[in-house]
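Consider the two complexes below, in which chain A is the common component and chain B and chain C are the respective partners.
Moving on to the complex of A and B:
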């Protein structure tokens, strides 16, 4: 009997509490920065595509909803020729982001991706690539990787010595 | 046998091997870099350290390098010892100090021995925080990428390239911690086996450049066990596909055939599968305006195949199944082997020698155990490249034995035995029309006309006691040479004689047979290798039927309405003018092929056939070994196996002989029953209903990615994956995850071993056969105790004919083969068409190098660009056969000036 009355009292008190319900879509919930929502491909600080087509995201994906084809441009930079995510399969687990060695693929705090037509949930590279560094500003994979590309020769990356002169016998 | 104790457990193992090899054979995981099963040990990388104990009471022990330690009875070691494990982790830490941060853009990633070993030792965080050493890369030609930053200085590349394969232009430069592996200056790697560097290198210094054009990780490809189509040796390959195109060929270990390696034609000659020139739709001449579905084409052909007025032309590059079904479709009497006259003669002779002679024809790995080699008229590096690699190993045998006897070190102590051997070579004689790439290791070479080679061979066989008459008018030099060869062969225990199609001369094959038979009768374990030009030449010959010439006669006589041509370009088999006439006289030409070629130009009906990657079938190599190749991926659209097209054609015409044949197993069973020689060919691989634990064998690795996205651009609902009703393999990643039977291993992978080094886990013993035996079945065994049917004909001395040149064939590893030239990288290595003359002949006919020479062959004029070489016999001219731009077929043939 007591517990019944207590419950009614507590429910009554709620009338005076702050409202937890958001009046979506007029009102939006603030999402944390690490929210696993919309997947995007980000860019380097110098504007180049961060994705190097290493296939690790595709391998990590538990539902196999990422497919891509790596290729190389005339500057020696690798990039995906196509990059496709089937969001009708995606479970937003974030494994792809975790697997990405270049911070290219990132899950952003945005979930508004609903579609009436399932086919529209298939995103190609032009739908995924954004003009931003996303959550990890400043990182530039090619500045730390040993591969030479146009504008960054061998030995010019971070923590690299100039190329060895193989004709020298000096220690 | 010895008993050794590893971590307190006792094992019975073979004595004399090294400890690393033994541990790997026992299934233990022990990291290594510089050791390779085919290359032996040098103890350079210090990675395979284990602890060795004096006796039971010894608890301290000492660290030893397992690859340098011979197995002795009562050896006590510990692999898991803390100190040993820490040592291995330290070593890999040092090796990794300069390794760049670029796995993501490295083609080796995912199949990298360095990654595997790093994970295995537990080295997961970098302790070195200073700057890294860098190198400049070199351009190494169209086959390999170079990325020296990744090098861990294991020396495997130069040990394979120089020591094993005899290459000259890859070496190690500079000193101390700056060593550099590359060429003395940028340029194409010249060795025919350079592609193996991509597999031998434990990391990504050398990677496959053709793969990079359409890069796919190892885990993302659909694989199938296949057989190389590049020459008659039948090397085992693994072919990988992604997004409907063939991506990579890698070596599939077969302890009897190719071992660990492949030649560059085999590895890179695959891109014809993805060619723009592929025939992908059914076409009927005159019906250009709409796509024709296969049913309509079959209906169209229904009344176009009158029995008796329809002939079938087979092909030495099509599978046994396709040829057999065509033979059944048109009837035995109307089936013709699609080989040129010269090739037909050579194949017939080869089969006759192998079937009737008492001498065994060895597999490539057996050939490598020979201790004396004689080559009669064969440029092995260009006609059967992997056999040349075996010969290189055979030539090492005698000095190796001597070195082992004098220094008492085992053969796997690679650096030590090589030091002891220096550059000594065993007895090796080459008789050929021009210099070959193996000349440098030969005891003696002699360059002369094919007929003269035959004569010397004849003299050798006579000296060895063959019951043949003496050869008349041999020059003194030739007599001495014959004597030297006979003496060397008699002194050997396992002499190997090699001949084949290389100079288009039957005589050399006959004499090779004579010599090997005579040696056999002297009590030697003689071996005889006869090369064949195409992947199924011997199989087609076994099937047996009429000559192509006869078909031409029948058609020109007007007896024939319809010709069904199976995967064959008749313009490569017949003189162009004869072929033109042939096609003019046919009412219907039905061509089943995969590439648009000159014959397709003449066809009235084109049926798109699958390449080796889209078909199942069987090939017979030069050794008479029948081997099955599996479909890698389902062909796009209406592309299907030739034998399936022909079966459907049979059903459309109510052919009684093809009744009830639907699947691959039906065809192989019918083939096995058709002739005694094919007995057992249906059991080369387990049948289609074979299951392990109720499951099929998956063609895809378990990490295969993108299944729900790769076709989502077409339709978001994934289609049902294709089903394989012909074999026990599935096109998906679902299926049995354990080890499949050796004949159907789609890829080598083992937990913790992602790279090709995982082969160790599939072998009964490192470097020997696969777990349930090496795949393939030898269809021909020598007639033990049989009479040797000696050949007694010897030609006359070659005398140049005034005003004429004897055209002899020259072969090129890159260019002579029909299909591989469709790989852009291979085409880049192809020579420009030429004719090779002796400088005296050139002077006589008033031409110089790079001038044009006009010759008339069979009454038709041809123009060639001249090259000269004084080592070519006068009165002869070398013609690069099969090279695009060379239209003369049927070489050897006389050319008139």
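Moving on to the complex of A and C:
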């Protein structure tokens, strides 16, 4: 009986405690930097697209919401011809971000994506591309990778040694 | 009493009670939220008060579906019983001097009879739904009823002995020299517990038990039929609160700086809050625990209370 009264009293005291609620539209919960929200395609420091159209994100996606078509420009750089994410299917698992070898696809701390029209949830490449380097500033895939493109032959990437001439015996 | 006054009282009581029941939807959600460190509904209108309007409109416009396997006549009839019986109970409550619908000389008995009728809505509704959860809820409702109804009546008899009347207005008038909460403190607690069980509120919402039985006896109810059960429950809270105030806390008696009706409303409000606080803080017992508690503890206790009250009344 005493414990019942005591619990009633303690519950009553909760009236004067601080509220836990965030009054959402006016007051927002702080989202952690790694919060998995809206998916975006980031750019490298030079403003070029990071995505090289390797399809790994589309393969990793458990709900098959990513579709893209890779192509190559005149400089030998691969890029996606179209890149489409259907956010009505996306479960924001972040597997695409983990799979991406060039840090191109990233999940941002933003969840306010509600739409009245279902079709508006299908984001095309121009909707996905953002003018930012995302979580990896300074990273440029073509500058660290060994792949040859116009203006950068094999062996000229950062921390890369010139290719070994296998026909020569000299060290 | 003139006829005009009479109709005014009936209309006023009906209006106030039904609106209180609707307002309690908001009050309960708001208070539960406060006691759980939330805000509760605070968006629609001032303090979220328009949630009442929204809820009412929603209840009226929801599909009122009668399941094809239900016993249709009883199914439709059952929700009306609880509302009718609670509303009838309100006729005998004196809200202020001369503001009472029916000044019965057997008011307490009428209250007991009418409030017991409420259980028919549970048993019949649960049975007519032809659904196993509803039936389990109805069965629990019946078992709960036989355990609280006895000591509920007995706990009131102490007040009847002290005041020497079954008429609620006279009971209130007899408390002029001291509320019955002091001499009848045991009776008050027993009546309060029985009253909580009577309204099927937490912690004694065993027939409903939404965490075990879907929604208990009203699992199959929808639309305004569910609304009737819903409103009946809130009116039941108001009824038990005002009965507790009338019988033990001097009804409309109070210092003269406020009119009697205000005193009555204030005291009733305190007990309504207590009901909501109980819901916020109590776990639900098993129904055999409630029966055991009722028959083995509260029933003898109310008998002892009755005996001692009678003995004191005889000796003094």
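Keep this in mind: the second predicted complex is superposed on the first by the 161 of 171 C-alpha atoms of A that agree within 3 Å, B and C clash if a C-alpha of one lies under 4 Å from a C-alpha of the other, contacts with A are read in each partner's own complex, and residues count from 1 in each chain.
Quick note on the criterion: a residue touches a chain if its C-beta (ideal position, glycine included) is under 8 Å from a C-beta of that chain, and two chains touch if they have at least 3 such contacts.
Predicted model only: the values in this text are computed from it and were never measured.
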item	value
First, second, both or neither for A:31, with chain B first and chain C second	neither
Contacts of A:59 with chain B and chain C, given as first, second, both or neither	first
First, second, both or neither for A:91, with chain B first and chain C second	neither
Which superposed partner A:8 touches (first chain B, second chain C, both, neither)	second
Touched partner set for A:70, first chain B, second chain C, both or neither	first
First, second, both or neither for A:23, with chain B first and chain C second	second
Chain B or chain C, by number of chain A residues touched	B
Of all residues in chain C, those that touch chain A in their complex	34-39, 277-278, 280-282
List of chain A residues in touch with chain C within their complex	4, 7-8, 10-12, 14-15, 17-21, 23
List of chain A residues in touch with chain B within their complex	52-56, 58-59, 61, 63-72, 78, 84-86, 88-89, 101-102, 118-119, 121-122, 124, 141, 144-148, 154-155, 159-164, 166-169, 171
Residues of chain B touching chain A in the complex	100-105, 109-110, 129-137, 147, 149-150, 173-176, 178, 180, 212, 214-217, 219-220, 243, 703-710, 712-713, 715-717
